[in-house]
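One chain, subunit A, links the two complexes that follow: it is found with subunit B in the first and with subunit C in the second.
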Partner chain A sequence: MATPSFEEYCRDTFDPKKIFSKPEPLKGKRFLSCTQYILGPSCANYLAELGAEVIKIELPRRGEPMRHTTPFNEPKLYPLSRWLPEMGTGLGFFGANHNEYFLSVDFHKPEGQAIVRMLANKSDGMVENYRAGTFDRWGIGYRQLSQTNPRIIYQWLGGFGGWGPGRKRASYDILGQAQGGCFSVTGWPADKGGLPSKQTIWIMDYWGGMMGTFQMLACMYWRDNISGLGNFMEYSQVQGAQRHLSDCIALFGRHGLVPQRWGNWDTLLSVHGIVKCGKSSYPNSKNPQELEQGYILVSAYKDDDFAKLMKFIKKDDLAKKFATHEERVKAESQYEIYAALEDWAKDKTKEQARELLDKQGINNQPVWNSKEVSNTEHFHMRGELEWLDDPTFGDLQSQGPSFHLSESPPRHKWAFKPVGADNEYILGKLCGFSKTKMAEMEADAVI
Partner chain B sequence: MAKNYPVLSWPAVPTPTPDDVYKGESDKAKEYALWLEDNLRQSKNFEKPEALSNIRVLDCTSMMIIGHWCSSLFAELGAEVIMVEPPGGDPLRKLSPFGRKEYMFKDTHTQEEVGARFLAEARSKQSITLDLTKAEGREILKNLAAHADVIIENAPPGQWDEWGIGYRQLSQINPRLVYCWVGQLGQWGPLKDKPGNLDPTAQAACGFVHGTGAPVAFGGTPTRSGWWMCDQVGGTGAAIGIMTALNYREEVSGRGQFVEATGAAGVIRILDYNWGWHGVDGSIRPRYGNWDLAINIYAVNPCKDGQIMVGGGHDRLWYRIWRTVGKDKPDVEQHIVEDPNLKEVTGRLPHYRQVETYTSLCEWMKDTTRSEAETKLQAEEVASGGVSFIDEVCEFPHYKYRGHLEVIDDVNYGKVLIGASAFIGQRTPGRVKWIGRPVAQDNEDVYRRLLGFTRENLDNLKAKGVI
Partner chain C sequence: MAEASYKECSLLLECPKCSVLNYMDPFSFWNFKGKTKCAGCDAVFAIGYSNGQRVEGPSPAQGAPDKLPGYAQTKDYKTDFTATGKVSPPLYARAPDQKHGPTYKSIRGKLVAAGKLTATDLIGSRPRFIMEGKPYKPAT
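For the complex of A and B:
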């Protein structure tokens, strides 16, 4: 049999349709997720993608705040819970709670705390993002749980951390971005009408959760292969921003530079920036997102690519003037070069610009909106976008996992479930509670 | 020309001491914080073991941050990370903002210069060179692969396979090898990467750029992140994938596997409700500037000396925010709390209600500095904080106190201020040992230690341009 081409080999090896015939890497591992908002939930979610049994514990009835968060208060998935069937869960909850089991427990009550203790004793780890010290005060923090389960890997995530001058400050993603430094280098400079800008995603939350997951997996490696011991970790969201901006910090420390915004261009490479195309791709659409002009990334930083690009847009003079990368990456050169590119693109849609640049062999990438991305075969073929046949909510388009593994791939089974949907399953299986006992606890709003 | 750059005195303002921080608090109130300090303070890091100290990673990526970011996370947790660079070094080393050579960092021994972007992710790694375009270089790589737990590469799709050093071939030599390819859109599929594709390609392709920045009506355009964000998110995804594969190897299979991670997959994964929303009703996520589509109040808005973030969408915080405002501007508080449309959390989300909310809030903030507003809001335990520039970030007392920033007094590059490892932990914390290496500094060490090369071998290979 002929050896398949590399493309064929990859399509087969990473085929999303074959994922469910492959084993799950964290089979048999159990984690508790005592979390709300995005930072903590997403951290536990990435473990659930890998096949761990993740038990998400929320307050009874209404669940966590993110269920009540949705763009412009419009899209919701029903029901919120069996107790509140007329309410729905907002899409803010979507993307941070896949594959989990949903248990409702009131941590404030001693009976609720006892449940957490019973579950933690049977778990590999716990993700928690309440205010630092709260779980410790309730007797269900790392210091207490590690007494009975010394192998527990306890990941706390939050804003400023539990020690230091800002330890009592509240935080959210956007605060991590703002006060951490991310805004200051994103957006157009003032002379182009820009302000320091937010990254659209709750990046300090969703990415911070990834950092937590990586550290937990490394701690599992250390526990299972080396020490046998659990661990306590603290992830500070504002610190994540400084980790991201380490190069800017080095420039300040050595040279006193305060790096600023450079819009859609690049401070290190030229040409390597996003250019406005003068025409909308959908002039007849009623949606303002489609009516607006298109944009395209044009990348030609190597000498020969740059010369080819300038020749193609009939700017041979610029090719000569900025023949070396050192010349064309200067700030004032970038203003001149991008003005010429926008002049070239002013009577084109982003698709027309792409077709012309492709013919020239110039790297480019149109700026796609979420509809265009959703309709891109590439992402669906690779499982980075997928249609879930969700057992509760029906057909849902979802993001796939962030990476591919050939032998034991991550996967999505369901988007999430209503508040307390797995109470009977989890409490019966792990706590041995009877139907009568569960009914009593439910009546007392413990669960 | 030897030129000594002045090293800024950092910190300009002394870092607070524990006495300053916990002054006036009862033993009970500070007990947990002090336990955390005891267990987590980075000053004790080097007394503790490293989680990944028996893992060896070969980072064979160049010209992108995604692979270097990924291997940095391994280096911070103790893995031995060897950067395998083309002879002359990764071209990324030469990049400096606007090409300004005076912003580079000089190795004191060789006078070789390196840009901050590369140096920031060269932490605790060794540097060797190897020319993989030569057959002899590829043979050496195969021998190195026999000693590696992890290989990360970012060559154009299929390049290594064609060269006989792809996953299909190296896994024959070392079945325990975890092999990871990283890139922008993928090594397979209709839009697979073309040579030279770099971030922000993935940012533009995955919907991030379209959704970032202000709407057209507010004078905005689609906006890229100011840094190579997809690389850093995608690189974190790659690290999770590799770590998963290592755990699976140890616990279950005894074998490595093929990992692929891209900037696009990483950011698509974390683009919250974009895909669910489009799937449910066809909506296209709009740009919403420094506001949030799904939470009000949760935004950055202008104030007297810059911009400030204020957050608190739920009743408890919502009323505290307006109470704070009301102390200075009672009419503004009254206008908001008496508006029946703003009584319910969900009622505050439609666009025109957000406009009403933030117009009112700015009525107060326009006369208030970041620092004044922060102080007043934090007295009510409301999340708030000014948009900070890098100089302010580097002097922020909380960050200095907690070691978010640290000076590495490096044998090659002198004192370099960096963003420290974000892995704070009790038993196996992350750490940075040195800031980076000039090109090929570790050729002798690595090739001798792993492959038994003699001085003669090394001289020969160098003469032939293989290393």
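For the complex of A and C:
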């Protein structure tokens, strides 16, 4: 039998339909997630995608704040809990709480703190992102929990860290991007308005969560293979943001230069930016954004690609004038080059521009919206977008796990659950509480 | 330094008159000094918050409230008394008549629980119609 091609091998090896017949790499590990918003929850989410038993602990009644932080206060998934069926969870919560078990406990109360201690004694680790020192003050921080479970891996994530001048401030993704320096190099140069721009997706939260998971896996290796001991990890969101600044920090340190914003073009390469196309792809749409002109990324920064692109748009003079990288990448050169490209694209949709550039072998990609992403066969075929038959909420389109493993792949079993949906399961299994005991705790608003 | 109980300093205000739990949403009350009103009994209180911590009140006051709680419920989870004028409306990016309504079907026509439910619509924490795989019919 002929050896399959690499493409055939990958298609079979990573087939999304086979995921649930393969083992989970973290099965048997248990983590507590005392988290809110995205930074902490996404860290725990990634562990749960890899098969760990993750128990999300929220305050009773309303749950964590992200359940009530939904885009435009619009679509929600119901019920919020069995006690509040007329309320729902906002879609801001979606995407950072997959596969978890949901327990409600009031951390403020001594009885609630006792539950956290009982669960921590039977867990491999814990993730929390309350303000620095809050859980320590409540007697359920690393210092206290490691007294009875010295193997516990405790991941704290927050804005500024547990020490240092900024430690008392609260942070969000947007603040992390601001203090970390990301906004200063994102947005428009002075002659185009000069506005810095934020990244709309919570990139510093999800990045921080992934870094937290990475650290926890390293700590598990160190504990299980070397030391036998747990670890206390501190992740500062603003530090994570500035970690992205790459050449900007080095440039200032070496030459004292402060990098400027350069919009949708690139300071290192040319052509390597976003070009406006003059025609909408959806001229009859009711959506104002779809009525706008389209945009397309064009990348042709090597000498031969640039010459080919300029020749194609009938600008041979620019090909000669900016024949070298050194000439092309200058600011004044880019103004001339991109103006010529937008003049070429002014009577085209982004799809028409793509078709023409593809024929020339010029690297390009139309700027897609979430509808266009959702309709992309590539993502669905590879399981990176999926229709999840969620046992609680039904038919949900969801992002799949962000990476593939051949032997022990990550997976999504459910999107999330209502507040306190697993109270009986978790408290019965791990704390040995009777139904009567749980009913009493519920009446006292401990759970 | 002795620390105050969360009941004396949190964004959750338990009305000293009627015991209704008023949630002082952080967007409005994180730094606030003024009057608010219990959604349960309409009692007006002077209250002060600094960085999300209650630092003054609640002390009885007169006159119209400056801001209403974001949400309120009784200790047995009843919310039906929080009609217009009792709690603040949510912050909308567009007018309520332009918002999506509830839906019980996804864009590809399958069942999804994206609309309000009642207690009788549930089995435990799960919507009955999702569990049974039948179209949603509101309880009469």
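As a working rule, the second predicted complex is superposed on the first by the 445 of 447 C-alpha atoms of A that agree within 3 Å, B and C clash if a C-alpha of one lies under 4 Å from a C-alpha of the other, contacts with A are read in each partner's own complex, and residues count from 1 in each chain.
The rule is short, and it goes like this: a contact is a pair of C-beta atoms (placed from the backbone, for glycine too) under 8 Å apart; a residue touches a chain by one contact, two chains touch by 3 or more.
None of the values given here were measured: they were computed from a predicted structure.
Q: Taking subunit A as the common reference for superposition, should the pair subunit B and subunit C be classed as clashing or as fitting?
A: clash
Q: Considering only touches as defined above, state whether A:Q352 meets subunit B (first), subunit C (second), both or neither.
A: So A:Q352 meets neither subunit B nor subunit C here.
Q: State whether A:S280 touches subunit B only (first), subunit C only (second), both chains, or neither.
A: Neither: A:S280 stays clear of subunit B and subunit C.
Q: Can A:A421 be said to touch subunit B (first), subunit C (second), both, or neither?
A: second
Q: Quick one: classify A:Q360 as touching subunit B (first), subunit C (second), both or neither.
A: After superposing on A, A:Q360 lies clear of both subunit B and subunit C.
Q: Look at A:R254 in the shared chain and tell me whether it touches subunit B only, subunit C only, both, or neither; answer first, second, both or neither.
A: Only subunit B; A:R254 stays clear of subunit C.
Q: Looking at subunit A, does subunit C or subunit B touch more of its residues?
A: Greater contact footprint in residues on subunit A: B.
Q: Is A:W387 touching the first partner subunit B, the second partner subunit C, both, or neither of them?
A: Both partners, subunit B and subunit C.
Q: Looking at the overlay, what does A:Q144 touch: subunit B (first), subunit C (second), both, or neither?
A: Neither partner.
Q: After lining up the shared chain so the two structures overlap, which partner does A:D395 touch, if you call subunit B first and subunit C second: first, second, both or neither?
A: Both partners, subunit B and subunit C.
Q: Is A:E86 touching anything from subunit B or subunit C once the two structures are fitted on A? First, second, both or neither.
A: It touches subunit C, and subunit B stays clear.
Q: Touching subunit B in one complex and subunit C in the other: list those residues of subunit A.
A: 65, 71-75, 77, 137, 170, 387, 395-397
Q: What part of subunit A is in contact with subunit C in the complex they form?
A: 61-62, 65, 71-79, 81-88, 108, 137, 170, 387, 391-397, 417-418, 420-421, 445
Q: Could you please specify the touching residues of subunit C with respect to subunit A in the complex?
A: Those in contact with subunit A are residues 3, 6, 10, 21, 23, 26, 51, 71, 73, 75, 77, 79, 90-94, 99-100, 103, 105-108, 110-119, 121-122, 124-127, 130-131.
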